[in-house]
Amino acid sequence: MRLLSLLSWLISPVALLALWALLANAGLFPANLLIPPLEVWHSFTDLLATGELQEHLTGSLSRLALGFVVGALAGLAFGTALALSKTVEAYCAPLFHTLRQIPSIALIPMFVLLFGVDETFKIVIVAKTAFFPVALATCEGVRAIPRSHFEVAAVYRLRWTTLVGLIALPAAVPAIVTGVRVALTRAWVVLVACELLAADSGMGQMIEMGRQMLRIDVVMVGVVITGVIGFTLDFGLRRVERRFTRWQSR
Amino acid sequence: MNLKSLRGLVLPLLLLGAWEYASRQDAAGAYAFVPLAQVGAAWVEVLGSGELLVNLWASLLRTCTGLALGIVGGIGLGALMALSAPANRLIAPLFHALRQVPMLGWIPLIALCFGNGESAKLLIVSLAALYPMVLNTFESLRQVEGQHREAARVLMLSRAQQLRLILLPAALPGIAAGVLQALAFAWVTSVGSELFLSSGAGLGSLMMNAEAGARMEIIVVCVLCIGLCGYLMSWLCTLLSRRLLRWRPTR
Amino acid sequence: MNAIAHALPTTATHGALSIRGLSKSYALKGKPMQVLKDIELNIQPGEFVSIVGASGCGKSTLLRLIVGLDQAYQGQILLDQQPVHGPGLERGIVFQDHRLFPWMTLQQNIALALKNHTMPATHKDRLVAEHIALVGLSGYEQAYPHQLSGGMAQRAAIARALVNKPKVLLLDEPLGALDALTRVRLQQELQRIWVQERCTVIMVTHDIEEALYLGDRVIVMDAHPGRIREDLRIDLPHPRERDSTVLQAYKQRLLGELVGH
């Protein structure tokens, strides 16, 4: 019974796949526009066999990792400072909130002119994309630690290491993890966009090359893998998020 | 007006100063960091020639059309999924699979199928608006409290009346939040799609042309415009939803 | 108003409720849990019946069965000799939380109860206005629920339940969430409204004093499984004195029984 209900979720994807295969093989559309699913699968295995796919993947993921770590750490530090210090807030908050209105995608042309089309540009833009959500979430997370928790800590005369480790961090971390998750998925989207526009390697570049050479199969493989990676990143961090929010109701 | 409230201006002014300083160092600096005066002149230039307004209008129009399509489609699809279990079984797996692909990742595929004209861009913008609308409509309809449903049953309202008078109004705050998200996505995607499919008018196309001609000052003008418009639109949207949801307690 | 009513009303002709052999069980973690067992209850038209009991004795479940929100039970629930199937407008209910719809004004909330009646709009408007006046909320017609205090919202909920002229009014701890003073005031109001409307009322409460003050009968229930322990007739005319010695004596007795010493 459980199995049957599980299988019913697969009805529509399987139906779509079947329809796709049927239409592609019926030859109603030009063969280079509607590629049968089996051929897309073959392109995937080909790309895998030649090592091309792995190369593009490593390129993208290492950029993502580097840019994200830089941006997220900076965001963490800045967000904490913004939340704790009135001075930092007075000097930085207006600029911070103005700059965060500007979507990363819109900055691509500007960053290309500033940093060229090489690695620097991509890493800077990934770092920028990661910085703002993490900083904002950290700031709000730290600010939302209830004052009453500190009063309880004072009553029991807890040491400040205990205070930070057992009270401040657990209270702020759920919000921060959520911010990190949002930042990571956005950074991935923006990175792929950058690679589509200007790159010599990476998932985005693979898709763009496929498009220019009218290889829809390559484009589809790229699109699917990009989606799978985005999903995996989001899913993984959701698990982490749940671990940290177990004590919250719902 | 005391001096302390001006502290927020210090950092921006310092940054502007550094920018101006960098632009005066050498030719390479002037190339990347155009002098502020030149940015000012660019404002006058693109405003005067009407270039900015034409392109801005094109981007805005596409955003609004795509947003409207996304909202209507998203509420319809989300409501269908929330109210009918069989429909949810059929639609949900496809929807959640497709939504994992980054919006701009669709561009090459869509461009291959629909060309790189306005219809391709509009499709992308509508899709970008559709996702948050479906998610928010679905979630907020699902979360309508059991006590509201029970009260509606006790008052003997029909299914249609329950949907119109109870479920939809109860879900409205969630749906409004979805519209706000959808607006942000639609705006970014509208400008973003122009970067990739830079035929036709739009702020993104204007930026790409400026990039090709190394006209940094025009890019700066465009970026400022994009940020400002995005901010203004979400502000308007918030105002509108607050008016619409005035039955909620104000905090 | 003080002149009205002694003992059982003679005006009410509808609203006789009889419950026969009513049992109800839930599945709790796979195991069946009996919440109500062999409930037998006959309520006269126009009677005010209070039900008290420890938490978990199934008194709220009993109301949900009568109002028709839950139809999985054994036994019979008859209203004027007709079996009850699902919710119906001849049974009104007020919950502990007011359950007004927050996006409608007070007036719209009450008018919603008349939605499916085929009467002219002017007639509906008049009914709504009358019932707003009945619960003393005239002047607040256009207020949204969040602008009302807890007591006012509960009055509005009472008006919404009464506007259909139900034969039976069910009250599920209607004053349970209110502060002590508002509660006393609303108890007086309830008494006045009931004397005026003369419908059958069944009120579930955990407040013994409230049960005694308002009820013609007080049903005491036991838990695990929920069953009727005692059916007490309070032969005092309405409106009653809160500190009447008869009520005090009953109160001491019931407290002793329920708390156990």
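Letters A, B and C mark the chains in the order given here, with residues in each chain numbered from 1 onward.
Just so we're on the same page, a residue touches a chain if its C-beta (ideal position, glycine included) is under 8 Å from a C-beta of that chain, and two chains touch if they have at least 3 such contacts.
By chain, with names taken from UniProt: C = ABC transporter ATP-binding protein.
A quick note: this is a predicted structure, and the numbers were derived from the prediction, not measured.
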item	value
Chains touching both chain B and chain C	none
Centroid comparison with chain A (C-alpha atoms), farthest chain	C
Inter-chain centre distance, chain B versus chain C - centres from mean C-alpha coordinates, in Å	51
Chain A and chain C: spacing of chain centres that average the CA atoms, whole Å	55
Computed distance of Cα centres, chain B from chain A, in Å	18
Partner chain B, residues of chain A touching it in the complex	8-13, 16, 33, 90-95, 98, 101-103, 105-110, 112-114, 188-189, 192-193, 196-197, 204, 207-208, 210-211, 214, 216, 219-220, 222-224, 226-228, 230-231, 234
Residues of chain B defined as touching chain A within the complex	4, 7-12, 15, 31-33, 89-94, 97-98, 100-109, 111-113, 187-188, 191-192, 195-196, 203-204, 207-208, 210-211, 214, 216, 219-220, 222-223, 226-228, 230-231
Residue ranges of chain C touching chain B (in the complex, touch as defined)	67, 69, 87-89, 92-93, 95, 97, 99, 101-105, 112-113, 115-116, 144-146, 160
Complex interface listing, chain B residues touching chain C	147-148, 150-151, 153-158, 161, 165-166, 169-170, 172, 245-249
